[in-house]
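Heads up, the thing below is written out as structure tokens.
Letters are used for the chains, namely A, B, C and D, taken in the order the chains are written, and counting of residues starts over at 1 for each.
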């Protein structure tokens, strides 16, 4: 399996997932400002999921850039990641239409958790295939952000039973944590010539 | 016809087919766990079809990787395969909404059979264009899995008249059969430098 | 404008157009064979349009393969072609749901005619940019098929007022005309090293 | 981040946005010419947005072609652009269904303005990363068209309160302004070897 085709296929799937989410943003019946108001949570849910998918796309790119050898295991770990990412439009649409409801919030958090776990598995499979001293293993390091995300998602799932607002705030915090550029890692990547 | 563009086009079509299926997974009206329950068969049908499409994508990649020459026949056999694969979202949606119903199960099986037959034809056309001693002919060997799949699909179609549950179980078994890595073939591919 | 990116963008748009058409093939409410019957014309319309789009994709590939220089004019003629092709799902859906109705048949024929005219314009713009002695000008020759298609579309539009069945038969004939491999042209392309 | 993958991902997202808009062009219930009439504004809105997206695609291509170095800032400015472009189908659908209504016209104009601003930011981030004497900085020059577009969008938003027809006419004028080839810039690009 050539890395190029794996990247191109993943890009296509992620691009489609990002874009079909906007199909849920249906124009309202009315034409006044009040008609737009119920769309606000749908729009915010779309924005958050769009950012999450963009983060996955960027990280996925860096991960594969540091990968030399594509094995069958990497291939299927990647397909599993794409499957779980593809459930984000469903969860986004449900949470957007029922802001504050418990079960949609739990489902949204579970999908984010499944995305993170499948990404984590993909990392493990890639590192195992390239070896512990490989460039990708060094670049990932202890993967503090990845582990913190898992902890935060689980926290949000528990907190949701008390307050869905706080749970959603945690989802936003995780996204911001990934958006803030990590200079150390970038330097390390540059230093190792990635 | 350059092989690269044929691969890229097939990738795009398969990626879109995989992803638009999830549009059928519509968020329920209610917001409790009971509201999610009717979605379970839709979700499972989506999962099965997603895995099937991923298998076709992986096999298609290996097949074309071992192909040196793209002819008009290969081009159109490939387009026929994409056409039959594109019917999977329709069949998936119908079987998901009417679990256990005979005709949707038959249609799902017929689409899987048509996919398998058109893939088989694509293989024949490619082998004929590359010659019987070509790398692709050697790599495919007797294509036991491909032939077993055809037999199993036909069996499932007959069995469906007695029990749709058993028929669907057969569809799952075929998918698992393809998921299990075939070390011998991989070794052979590696040995021939694919 | 690099030719590669123009090809990749056109491929993506054509792949999406081909695949979103199948979204119109909605699973029926019922689950017996009778429930499938009203879908037959929708399915046949989808098949015909899928074949047309595949023909455009193949011809578009050959045309660009023989193109050395991409100008602004080529770029916009190509975008115009993609626009008119993008109307095919709409026309396919309408004619599929109202088989035999006059206006949907006319609209379908007009979209096919607009597709053919915009493809013809793209050819003219490309030949003009490459020069009359260029490989692409020689390969196209007198473009008998292209001109015959235009005449046949116009004929079908007139005939539709008498019989929509005959008009649709003409659309099918044009598609078959393009599917039949044109050995002379292929030989000429090979001879000129395309 | 390799430039190639950034371009391919942007192409895929723009191609999908362009094509899913046509899903809003639903075939009418009736089959006479009168049934088509209400679709006219939807069709014209689709045409205008298609042209806008094509312009963004062409300009985006030229901009990246002149870019040597892709930084994290460029990456995220590009993702922001794709996000705002992805809102065009929503705005197109709303304005198409309620021609002449104030709020849909304002929303359409605001999305166009957001697209233009995010494109402007992308330009600034790219020029900053390449340096003031870089090819891209020279090619952009004073970017009169970009600045004029921003002024015209704001004008249209104000004018819309008096006449939505004039506001929409301004949106059309901006699109035509970009369609008219700018010989000077093309010459400059050619002179600098772009």
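The definition used in the following text is that a contact is a pair of C-beta atoms (placed from the backbone, for glycine too) under 8 Å apart; a residue touches a chain by one contact, two chains touch by 3 or more.
Every value quoted in this text rests on a predicted model; they were computed, and no experiment measured them.
Counting the residue numbers used at the interface between chain A and chain B, under half appear in both copies, so the two copies meet with largely different residues.
Chain centres here are Cα averages; for chain A and chain C they lie 38 Å apart. For the pair chain C and chain D, the distance between C-alpha centroids works out to 27 Å. Across the assembly, chain B contributes residues 8, 12, 16, 20, 23 that each touch 2 or more other chains. Interchain contacts close the chains into one ring where each touches exactly two others, per the touch definition above. Residues of chain C touching chain D in their complex: 1-2, 5, 8-9, 12-13, 16-17, 20, 23, 72, 75-76, 79, 82-83, 86-87, 89-90, 93-94, 97-98, 101-104, 107. Of all residues in chain B, only 7-8, 11-12, 14-16, 18-20, 22-23, 25-28, 31-33, 35-36, 47, 50, 54, 57-58, 61-62, 65, 179, 181, 186 touch chain A in the complex they form.
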